Amino acid sequence: MDYMVNRNNAIESEIKEIVNDILTDYRLERAVDKIDIFNQPDKKEVIDIVEGLLQIVYPGYYRDRAYKIYNFDNKLSVVVEDIMYHLNKQIALALRFENKEMPDDEIAQKSQEISIEFFKRIPKVREVLETDVEAAFNGDPATKYKEEIIMSYPGLYAITVNRLAHELFLLKVPLIPRIMTEHAHSITGIDIHPGATIGRYFFIDHGTGIVVGETAIIGDNVKIYQGVTIGALSTRDVAKLRTVKRHPTIMDNVTIYAGASILGGDTVIGKNSVIGGNVFITSSVPDDTRVNIKNPDLKFKRKSDSEEKIGELQQSAEWFYVI
Amino acid sequence: MDYMVNRNNAIESEIKEIVNDILTDYRLERAVDKIDIFNQPDKKEVIDIVEGLLQIVYPGYYRDRAYKIYNFDNKLSVVVEDIMYHLNKQIALALRFENKEMPDDEIAQKSQEISIEFFKRIPKVREVLETDVEAAFNGDPATKYKEEIIMSYPGLYAITVNRLAHELFLLKVPLIPRIMTEHAHSITGIDIHPGATIGRYFFIDHGTGIVVGETAIIGDNVKIYQGVTIGALSTRDVAKLRTVKRHPTIMDNVTIYAGASILGGDTVIGKNSVIGGNVFITSSVPDDTRVNIKNPDLKFKRKSDSEEKIGELQQSAEWFYVI
Amino acid sequence: MDYMVNRNNAIESEIKEIVNDILTDYRLERAVDKIDIFNQPDKKEVIDIVEGLLQIVYPGYYRDRAYKIYNFDNKLSVVVEDIMYHLNKQIALALRFENKEMPDDEIAQKSQEISIEFFKRIPKVREVLETDVEAAFNGDPATKYKEEIIMSYPGLYAITVNRLAHELFLLKVPLIPRIMTEHAHSITGIDIHPGATIGRYFFIDHGTGIVVGETAIIGDNVKIYQGVTIGALSTRDVAKLRTVKRHPTIMDNVTIYAGASILGGDTVIGKNSVIGGNVFITSSVPDDTRVNIKNPDLKFKRKSDSEEKIGELQQSAEWFYVI
């Protein structure tokens, strides 16, 4: 019994020491030690706002079960006011984070203006999202219903969150747009920076592994598949890169098949062009061009014998049309 | 003070206007405006059903903490009845969605029959899942315990949800199977369409980025790795594609390494064949064949000098055996 | 009415039969039938522990909303004690799982010792995580704030969970480390085995699709991008592989661009080397070397005519610097 008491005392003092060590550690003032949580947006709150916005954008699909049974119009007022209240608060925290010296009432007014302006843009965003739904419906033989796309397609989820985050990005809200798109990234595997400019009728199929960079510009009616990177060429001078266009421009009606990488701020893919699967491009492609990898030599080896043939498979000429 | 009152009034009237604009927007009768939520399945409910089914399929692993302390047999009855009740309701909504004119009692009877038939198939599904667990255990040197596979392997999670969704797909339930597999896709990065036909002893390693299409047929004892696509070749005529086999057939005992793409409805990979990493195939491969990319020329450049060598790395002859 | 009663009776007896069938099924003693849940860790509990540890590691970012308003030091004691209590319990279950015969008090003492030792290592882990934050900040032109990295970068989330899991792995805790890293895999698409040894200043950009194997050794100041595999070459003898180094060694200051695969336990990438996008390597590369794929021949085809040109795009010499 005494042994148990001693042992428990020993554990207690170990815990005390551990807590002290961690508290001491927090005083080192590194990035990992920041505990000033009231002066930055709250990730969980932002994610709740995203889910709330989805309910407004797609009223029939993402609506919270609690809202179902009430009068719809009244309820929408309540939901809009509620989400705007929380968004407003998070924007204020984000502005304060970036502007330590700005007076409180200036922060309050600015965040109010931004959140009202953001909500005013929602019908415009919804108009574009309708084109995205249509593009997915026309582009994917595996679905019969637009409802299925809205309910379950990760590509639509990602572009929806992105278009909302992009408006906040344009309104120069710090931190929050990226938290929103990284949430979508976590849900879908699709990583589109909120700064990317994306046209109407955008269709992402499957989507896992897609990366679209901050300064990418994408035209109307563009289709991209899983594993596509629209990225930057690197240099060592990262600070300088922060201010330049370092991602490609994709013109209207371009299709980019699975696994292709298109890189560099000066790279332009001309309109109506088709980029084949796994193609790796760092310079511009003219309009109306199909680019694919020359059929790579494949090695065939029968397990029964030791001989080896090298040659091309008789591949379909149109193999780069991958769904 | 008066200023504040005026400002608050101004904000209130802004919000009123925003709500009105959004409500007006909802009346445009586009896909994004549908609010008829009672006539389609509820995504959150379907996800809850998936989690419930996992508790039944793997009674020791996914069981809700609440169920632990009760008498097991009695509890199972309650769980089965509960999940069947909810599934039944969602199936009814899905059937109603697809059959606007069907009488209520026909919907009720059909959904009841389907959910009973579905539950009857669970032992058969579990029998196949046991083979999947075994295949993972035999195929992965990084694990010592089957329990670890069931508890934490994303590949097993994806194939489990897929096998369950596939039964509902075969029973011609609309919408729900895809919601189920897209949930698994979100959790695992593995995108297998519920229509895909998959044999016993299926092993997915790592899994992120895998895409398996609706009409794919996969034999027994097949192994696939991260980033593999078993997909379609595209044509412009999407509507026509909705009714044909557009994804490959993979015969028994085939291994497909990371990043390989196999495409097209007429493509057959013969039994016992091995497809190397990153191989891109759009036509059939005979039985007992190893296919890999001829070692690509690589460029080497020492940072110290400006000269450049082009040549093959001395690569292992068996490099396509990637785990 | 009688008809309805009969029908309900029929359904009830169907459900009874289904439950019986499933219960019979559970008696087959396969891996899927295990219901001995008290002798193995609980996945949900482990995930809660991970989230709790993140609150301790990054006190300003992941802290539960409930903890915000209290005295910080006191609260930390409570949080540490709470998480240690739960971790202790889960470790005991994991030890019991692996050691069926070990006496209860030996299990209790060992798990207590391990969880105390684990918590003592947290300051050391935090010191390394600060270097990871710095590496991300210096490596990514798309961010202006370290706070943004901690709050929203999936790469930092993955390496944080991995460094914590790795300590438990070194302390020989079964099952739990892998549950932790598979949770991070599910959140981020980044699959790093808890056994991997990873140096300071590690930066993962974008990250979706990354796989790093159990016996990989990675030096300081290494950068890897989305879709990179640091994996094994396979042989048929899986059991034998369980005990050998089967994944590569990556020396200090190496950068590996998107989609590259580096494979095999004897493969060493020398210090300061750069591996280009999509490169596939199964043998060693000396120090200070840049490796990329020789520009592959691409096919260009104008849609307007039927002629086809084969040739190299005029690609940037530095195209392997992909961000």
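Note that the chains take the letters A, B and C in the order they are written out, and that residue 1 is the start of every chain.
Definition applied: contacts are C-beta pairs under 8 Å (C-beta built on N, C-alpha and C of every residue); 3 or more make two chains touch, one makes a residue touch a chain.
Treat the numbers as computed from the prediction; the structure is a model and nothing was measured.
Peer 1: Classify the inter-chain contact topology: is it line, ring, star, complete, or other?
Peer 2: Looks like everything touches everything, fully connected.
Peer 1: Pick same or different for copies chain A and chain C, depending on whether their interface residues overlap by over half.
Peer 2: Because under half of the interface numbers appear in both copies, chain C and chain A meet with different residues.
Peer 1: Just how much do you need to spin chain A so its Cα atoms sit on those of chain B, in degrees to the nearest 5?
Peer 2: 120
Peer 1: Between chain A and chain C, tell me the centre distance in angstrom, where each centre is the average of that chain's C-alpha atoms.
Peer 2: Here the centre of chain C sits 21 Å away from the centre of chain A.
Peer 1: Out of chain C, which residues touch more than one other chain, so two or more?
Peer 2: Counting only residues that touch two or more other chains, chain C contributes 189, 208-209, 227, 259, 278, 293, 296.
Peer 1: If you look only at chain B, which of its residues touch chain C in the complex?
Peer 2: Contact set of chain B toward chain C: 56-63, 65, 68, 72-73, 76-77, 80-81, 84, 112, 116, 119-120, 122-123, 126, 129-130, 133-134, 137-154, 187-189, 206, 208-209, 226-227, 258-259, 277-278, 293, 296-304, 310, 313-316, 318-319, 321-323.
Peer 1: Which positions of chain B touch chain A when the two form their complex?
Peer 2: 11, 14-16, 18-19, 21-26, 30-38, 40-44, 97, 174-175, 178-179, 182, 185-186, 189, 191, 193, 195, 208-209, 211, 213-214, 227, 229, 231-235, 238-239, 241-242, 246, 259, 261, 263-264, 272, 278-283, 285, 288-294, 296
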